[in-house]
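Here's the structure, in structure tokens; my notes come after.
Going by the order they are written in, the chains are A, B and C; count residues from 1 in each one.
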């Protein structure tokens, strides 16, 4: 239970940032739910927060970012004054680059276990969140970034041809776990998911809308405002009945992971521990470094 | 087994309406399958009946209407001269308003049990009917009305912008049971159902066609004739093979309810017995009364 | 285990056709994987084979054709130099007419068992093949022909209004088994499959593209070249990760049959052994003979 310990520790460390309980929702108090890598800003309406990923340059899902995001979501869920979130990026041009290859390459198995538990926990928390979650995708959104967006209730994508999205893990020689796959199938259906996963397709905004991996494509400067309007529409529905409906739609998918969480971790760790996989990741990282240099 | 008893009683009470067995199919004899709230008229072709819901003003699914509809369907199924039905409304501008709130508000648990059993039985009978069922949706069609249409084999909707359809239960603070959800998912897919159920979407004819909750939208005066043409197309297929194919497609969904029918009733009754739910229904009913006054 | 024995025998019989192992892939050596009814030609690129069904006049899936196709696929799978296949027809105007009615009409139960085992084995081999399979559908493609195409990874159909495709078994008074149904549902979704199976729909190229039963429709003279281009795209993905993704998407469907293979055979044989079914097939065969005469 290294992760549980890690999360407890992180919670303690982050607690000093917390403002006084009972501060006005949507006011300054909202910031107290944030952390260095996860900004939480008050939305324009009561009960709304705008959560911005801020881990430059590309919002890689490092263990730190995952942990902070999980904690911020947990705090927002537990504070009854919040009912809905717009989830977006503070890094220009990118929503999130997905899993952090530095976390899954050249580390030891214990680290892989801890990391994968955090990825699982983030998904579990997002996919069945009681809050309404609207993704305002204001940049490139591959792999784990796409998973985060898919786990929200609705996706608004900026209309920029560079901002493609999809589960492209296969191109790195790794594969999305079954619950990434389930989340995609639930969104775009079996056949489209079959093609997308095997080819590692990254959809342009027009293609993304067509296949249904996003719900709406709007001009880049209207992504957040559109997401806030959509959120207002979802928040017009009685919370309790909406939450039960969401649960009814998504619980079976979540239960599949919950029932085999440890096996899923073992799979992931043993897959990552293969020489061929590590070499393939290493080669990819080298290429990235060359690009930067 | 209050419902079983109730249905037996109803059958006895309704029996005097029945004409002589063996009357010509599609002729006057067809009427004998009807009842005060469920008209059964001979169709223009052999083996066809047009079943019209007639419980003014809005075809609320009262226990009486449910019972009569179940019995009419049972009779038509058991009479081998019938192979297909067009199901439509005799009330201008409305197909059915859905579940009767008077049956689920301010009554005792025993009544809720009896009522819910009848709703279950209607769905079970419709969804796996050996007959071809074509819904001719000639009016507004929300909630339980939509469920009836979804349980048919094909849906023709009148092209009137007022005639919207969908499972909008969530807006009343109640939720569709899992088998309503399954029926919707089977028709429009997981993602569209997820949005529709959580937002309580009522689709206009154009939207309904787009999302696939209906199969065809035609001018209002052609709904019944189109439904009859579609029925003829379905009836051109050998009955036995078609029925087996239908069973193959739908049986798993039906089995999910059959295996937990009692638990589903308990869920429904305990949900309805909550103060918050009763208050929410009460408030809605008051609003309806004010509108009428 | 009549089939297993049959296949073993067939392998021995076919072995003399086999060329020397280790012949250049994509060169003359590719032919050694072929057989009288299944041509295996080298593709234009390394690792590619073009497999052509050649059982005139209409590529009926006789036990011989099934057996030869299974063996050719097995050989190609086991030869690591092959990574992808274009599957097409050598018979003008027809991809495959589907199951061979001569095999399921007027024969004894032991023969039905052997035949059905071969149909199962072909599907199991195609649906989870490690190779990339692209169907180049250059002709009419009903019933079992459609199943073969659906079991590939991608379908390119020639744009000829006569070249329709679908699972139309119901029109002959027989029904597609559950795994034909599952394969169709995985491709076009529950609702479209429900209609298609019950009505025995054969889709024209435009309809086929619309409903998603094929992925692309191209001019007739470009079917094979397009299929080869698509194959190159699929082969650009690392094999191992792509195969694992395919397995993740399709294994549950395959397992459903594997777990009840014998029961499925029993169902098929007992269904075929009914007088009504045999009469219906007989009548259909008579009609076909009259047409030819």
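What we mean here is this: a contact is a pair of C-beta atoms (placed from the backbone, for glycine too) under 8 Å apart; a residue touches a chain by one contact, two chains touch by 3 or more.
Being a predicted model, the structure only gives us computed values, none of them experimental.
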Which is it for copies chain A and chain C: same residues on both faces, with over half shared, or different residues?
-> different
To lay chain B over its twin chain C by CA atoms, how big a turn is needed, in degrees to the nearest 5?
-> 120
Mean-CA-position distance for chain C and chain A (Å) = 40
For chain C, what residues touch not just one other chain but two or more?
-> 189
Touching residues (chain side chain C, partner chain A) in the complex = 153-154, 185-189, 212, 215, 233-234, 237-238, 240-242, 244-246, 248-250
Complex contact set, residues of chain B against chain A = 169-176, 178, 181, 189-191, 193-195, 197-200, 276, 280
